[in-house]
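Pasting in a structure now, in structure tokens, and then I'll have a few things to ask.
Labels run A, B, C and D following the written order; every chain starts at residue 1.
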Amino acid sequence: MTEAVDQTCHSTHGYTAEKASYLRRLKLIEGQARGIARMVENDQYCIDILTQVAAVTSALKAVSLGLLEDHLEHCVADAARKGGAEADEKLEEAMQAIKRLVK
Amino acid sequence: MTEAVDQTCHSTHGYTAEKASYLRRLKLIEGQARGIARMVENDQYCIDILTQVAAVTSALKAVSLGLLEDHLEHCVADAARKGGAEADEKLEEAMQAIKRLVK
Amino acid sequence: MTEAVDQTCHSTHGYTAEKASYLRRLKLIEGQARGIARMVENDQYCIDILTQVAAVTSALKAVSLGLLEDHLEHCVADAARKGGAEADEKLEEAMQAIKRLVK
Amino acid sequence: MTEAVDQTCHSTHGYTAEKASYLRRLKLIEGQARGIARMVENDQYCIDILTQVAAVTSALKAVSLGLLEDHLEHCVADAARKGGAEADEKLEEAMQAIKRLVK
């Protein structure tokens, strides 16, 4: 993402208003990842570990969908309002992010 | 998972032989989660953050598939060899884990 | 989707330019679904049937991503240009469609 | 899937007992695919088409999980009971099918 293009999305992003919430959720996810390592360290049962990994994956998916929604409603909508090459780039970037999510 | 049933899967699990590798991968995932929080903290561009979240999600999915494969080839295959109620429980547990993965 | 709102997306949609291609792909998918039924009818091996179901699922996912991309670049971008309630509705609708895709 | 290996899973499969139900569900899926084509033919709204595609994808996923469960409980469990090369092949095949499902 070139610096110049980012600036046109000015210094705040769609997620800025929810920054504290995202940081809390990411802190939880980090702790859950550490917890899974402890379960492996302590030879816990495979299915119980898999259940925890599924929980972290769901938490990450929710963070992704939140960031994507904020981005569409903020950066992409702003760019679409201006139109032109920047709008095309923002829409293309968003679509690539959606494809990675759906993969 | 009742303790008794776990014991029949005796103290080692399918993943035991790969324990060090799983711990290394989980350590990386924990670090990546911390890195994503730093990106949010530093107001980095939404799409760049989403790209990192997709990478962690893929890493977690690979860990899940590895654990599941080890479990099928070890605990489930052992139980199936013995047959009876324990085999049914192990197969049911494995199927629930697969459904969480596919969800 | 109320008729009135749809009209503001005027009679053509993002996919209109690719209509023939979408119809061809959907015809193939329909045929593949019929083919899977025949495999079941003929008592074919489970794994071979699962492989075909995975192929149809991938084809459907590709159709979804194509329709979504066309929609974002056409209906959603148009609405964002106008701004206001219609833009919010289009973005919300698109996000719900993305969540169904990711689910 | 070599003919010989299939025979060891003898003429019936895990899904045989539910054959009529699978055929009904696949018939519905085929009809839904035809319905989506009609929606495109009639220039219906993108989001409404995407909603239908998501419904068919869910129906296919449910068929996949059903077939997989039947296969694990029947062909894979039988092979695991016998052990040896055939058990390894059946487990490997099942794991590949799970990976395609999760992809």
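Just so we're on the same page, a contact is a pair of C-beta atoms (placed from the backbone, for glycine too) under 8 Å apart; a residue touches a chain by one contact, two chains touch by 3 or more.
Model, not experiment: these values are computed from the prediction.
Enquirer: Most remote chain relative to subunit A, going by C-alpha centroids?
Expert: Measuring from the centre of subunit A, the most distant chain centre belongs to D.
Enquirer: Calculate how many whole Å lie between the centre of subunit A and the centre of subunit D, each centre taken as the average of the chain's C-alpha atoms.
Expert: Once rounded, the distance between the two centres reads 31 Å.
Enquirer: Suppose each chain is reduced to the average of its Cα coordinates; what separation in Å results between subunit A and subunit B?
Expert: That pair's centroid distance is 21 Å.
Enquirer: Quick check: how many Å separate the C-alpha centres of subunit A and subunit C?
Expert: So the centroids are 23 Å from each other.
Enquirer: Two or more other chains in contact with one residue: find those residues in subunit B.
Expert: 61, 64, 68, 94, 101, 103 - these are the residues of subunit B that touch more than one other chain.
Enquirer: Taking the touch definition from the header, please name the shape of the chain graph: line, ring, star, complete or other.
Expert: Per interface graph, the chains form a ring.
Enquirer: Chain pairs in touch?
Expert: Result of the pairwise touch check is A-B, A-C, B-D, C-D.
Enquirer: Any idea which subunit D residues touch subunit C in the complex?
Expert: Within the complex, subunit D touches subunit C at residues 1, 6, 9, 11-16, 19, 22-23, 26-27, 29-30, 33-34, 36-37, 40-41, 43, 45-51, 53-54, 56-57, 60-61, 63-64, 67-68, 70-71, 75, 93-94, 96-97, 100-101, 103.
Enquirer: Applying the document's contact rule, which stretches of subunit A touch subunit C when the two form their complex?
Expert: The touching residues are 61, 64-65, 68-69, 72-73, 76-77, 80-81, 83, 87-88, 91, 94-95, 98-99, 101-102.
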